[in-house]
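Below is the structure I would like to discuss, written out as structure tokens.
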Amino acid sequence: MTTRAEFVARIRGEMARAAALFPAAPAERPARPRERLDVLRRELSERWPQTLDRFRVEFERVGGVFHRVASAAEVPALLERLCRERHARSVVTWAAPALGVDVAPALEAAGIGVETMPHGVPQDAERERLRERVARADVGVTGADLAIGETGTLVLRAAAGRPRTTSLLPPCHVAVFDRGALVETLEQVGIALEAWHDGPPAPGRGAVINFITGPSRTADIELTLTRGVHGPKEVHAVFVDEGLRVTDGE
Amino acid sequence: MTAPRSAALMITCLADVFYPEVGERIVRLLRRLGVTVTLPPGQTCCGLPLFNSGYHAEARRVARRTTALFADAEAVVVPSGSCAWMVKHEYPGLLADTPQAAAARRLADRTYEFSQYLVRELGRTRFDAAVTGRVAYHDSCHLLRGLHESESPRTLLGNLEGVEVVDLPGADECCGFGGSFSVRLPEVSTAILDRKLASVEASGASCVVACDAGCLMQMQGGLRRRGSAVRALHLAELLAGEQGERR
Amino acid sequence: MSEPLVTTPLRERAQAALGDRFLHEALDIATTKFIGLRREAFSGFPQGEALRDRARAIKEATLQRLDHHLERLVDNVERLGGHVHFATTADEARDIIVAIARRTGARMAVKSKSMATEEIHLNDALAAAGVTPVETDLGEYIIQLAHERPSHIIAPAIHKTRGQVAELFTRELGREAPPDPEVLTRIAREELREKFLQADLGITGANFAVAETGTVVLVTNEGNGRMVTSLPRVHVAVMGVEKVVPSMTDLMVFLGVLAKSATGQKLSVYTTLVQGPRRPAELEGPEELHLVLLDNGRIAQIAGTLREALACLRCGACLNVCPVYREIGGHAYGYTYPGPIGILLTAMLNGPRSVKELSHASSLCGACADACPVRIDIPRMLVELRKEVAERGIAPRRERVVFAMLARVLAHPALYRLAVRMVRMAQRALLREGRAPRLAFLGEWTRTRDLPVAAARSFQERWAALERDGR
């Protein structure tokens, strides 16, 4: 088996024999990414309505369904309506501290089963059960770290209490977000990514970041577009005007 | 008034053998524009067929000879985009490590495809039409992508009275010639040609115009085999004398 | 040498493809659509050209310090708890992955689409080791059922009509499947859902890996990439070494052009950034992450003629615009990677002999270079490959003789003039109504096209008179 040293040595050997095709440099990275991100956020907060408009256009263009509510208090009712429309019987959701709103009481009162994702990591048997529940759920409710105007994309960082499959296994995914998540361009996302990776990872941080641009799709058969292949068939983005009080610290 | 110009004609092997009348038209046209036309004698080929098939040492020999032939030319006019491309794009590299490196670069700088020479060098864009009716323009690959030229031929055609330039979907798509490709994989070459000719015939054009002898051979060959009434013509065949344009 | 040399002549394979009516229809639909989608995406994207230049520059810059970036990548993946393996050959890569599968005790592996795993023929090795590979990308699922290989880099089953897929599902799955893409997709989703949840091992490729953070990046549309990297206990990612990018900032440049070039989307539905196995605080995710770095002929091109081809993002844009690919489809190329870039990759993986004919499966029109998001000059390298084939004596003897003759004729004006006269005489003797009998290449041309008639006097022969007129 080739060792790391052998592999890299071979590469070095070829590099020594090679001529550069032309002078070239990688992209310039922000020197202090976290500061840069703070500055960016302040700038963006001044033009969030335009960014939101752009996001809505692009999100709808890729088949997302956009909603806007004045306050977090209106989110449960919206969810209840979505569930009723789809005859949804079970919902899986991130917990209230992760979402910034508690959706469970209202849904349960409406007779819809709700499974809330735990913050800690339970024993194997419980994890199995949770996975089953997520796999059989009709609707998955999450937050979103970023909403990208340029592309209509939601960015979700996995973390404690913010598992991956909530936005993947149920056929309907609902993401709630507020103006703090809005960014305009992919380039700005780059700044966020640099900042998020600057310094040691926070203890609750997960090992995956998902960019979600609309419902899952394929065009593998005659290039005919069909939605809802393995991932969700529907993606809803709910913008909360007054903001969400996310308190799980992730 | 522009200073008196002279241009050496690089006739190209295909035009020499199969389309000499195109060469004649170009010579007469340039003369009427006040250009003195010379023909360095003993021309053979730019070497592209050798180069494209990977015979670079052989192509280099031909390139050396051609470079020497045109050493004294003020400008070199070529009726084929692919040959002009070969000289401009590949000669400097091919001859880089030879005593003719500088001469090859100079030649590359002074070489023009025919429509480029008329429009960009001489600034002459208005001619009388030698052929009228509906015309479709086919972008030959080396002229379009190699020499980044798609405007000059269209400008010339657009200014011809009595000529209606029709839209040709897929004008920038290959005709399937590709030099030896046309006989190495003749069925594929023909399938590509069929697609091109279907577009030409659907366009309603009575002729398809190109600035490359290879494309013309290919398209003409297919049109004639089909018994089509559509003709494949070199751009020069549509240009009669100049409309009295003042510069 | 990664794949055995294909022995049927390319021309025959091309002819078979040309005669396939279904294929022709499917190819026409697919490539035309792809071309339109890409055009639309870039027409509304004025920064596109600058971004393509930047993407090209980053790829070249990365190669210039590849050792450094790879070492950073390895360090970071390991820091995150992942394992990195180094495979010089396809054989080695297979062995590594089979060993991981064995240790996992997996009996089934779910796979997300990966051309790298196709390249090393991984599925055969897994099956032989008693691990059932299950392709989950719809296109790959289809061709797996059909026992075929992908015919396009990003749309593996594009050569199949809906009717053919329906027949296939009906036959192989034992359930009634109508020729409706919606229904067929739903059937695939149902069939595969359980597999995702049961599998112990998930295998993917990687579109990029970010050196500074140890991140493996997957660009997908269906969601199977996310399933495969989150549900099974072990995740194996196979990646060519050239896919490493220095930083997250660099990554965004590529994400800005990749999906647009491939399918016309601004971004694919899912871009998944995987940073090691699951963290202790996470509910879900694999316990083990293995990154298999693949050489298989790539490293040798750092100093080779195909260096530029190492920039390839595997977007498939060059296939869609290639006049040859559009007529013959992917299988006729005979190797894992079809289309213009496929010829270069075939040479990279299998050596110049494998492209003796393939290097000529091109009219050198340049549409591929135009479409390439990282501006790879494919025609230039095709000519380099042809040169290698000619200079190494791989080209057929007959051809070398013909070109040697041609070279002499073109180097000597007297021979040239003689040749011109001979062409004229031959045409008079042989051509009947523009057709010639089977005389070497003349017959090849004239079977489908008329030949122009050599003029009674060539241009150079007329010059003396022309010159007189000019005075």
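Lettered A, B and C in written order, each chain numbered from 1.
Following the convention adopted for this analysis, a contact is a pair of C-beta atoms (placed from the backbone, for glycine too) under 8 Å apart; a residue touches a chain by one contact, two chains touch by 3 or more.
Because the structure is a prediction, the values reported are computed rather than measured.
Viewed as a contact network, the protein chains form an open path, each link joining two chains that touch. Ranked by distance of CA centroids from chain B, the top chain is A.
Work out the mean CA point of chain A and of chain C, and you get 31 Å between them.
Rounded to a whole number, the gap between the C-alpha centres of chain A and chain B is 55 angstrom.
Chain B has no residue in contact with two or more other chains.
In chain A, no residue reaches two or more other chains under the touch definition. Residue positions of chain C with contacts to 2 or more other chains are absent. Those residues of chain A lying in contact with chain C across their complex are 1-4, 6-8, 10-12, 14-15, 17-22, 24-30, 58, 62, 117-118, 120-122, 127, 130-131, 135, 150-153, 158-161, 163-165, 168, 186-187, 189-191, 193-194, 197, 201, 203-224, 226, 228-232. Interface residues of chain B facing chain C in the complex, by the touch rule stated above, are 11, 13, 15-21, 23-24, 27, 31, 37, 39, 41-45, 47, 49-56, 58, 61-62, 65, 141-142, 145-146, 172-174, 176-193, 195, 217-218, 220-222, 224-225.
Interface of chain C with chain A (complex): residues 26, 29-30, 33-34, 54, 57-58, 60-64, 66-67, 70-71, 74, 80, 84-88, 92, 95-96, 136-139, 142, 155-158, 160-162, 165, 181-182, 184-186, 188-189, 192-193, 196-197, 212-213, 221-224, 226-227, 229-231, 241, 245-253, 255-256, 263, 265-285, 293, 295, 299-300, 302-303, 307-308. Interface of chain C with chain B (complex): residues 10-11, 14-15, 18, 323-324, 326-328, 359-367, 369-370, 383-391, 395, 399, 403-404, 406-407, 409-413, 416, 420, 423, 434, 441, 444-445, 447-455, 457-463, 466-467, 470.
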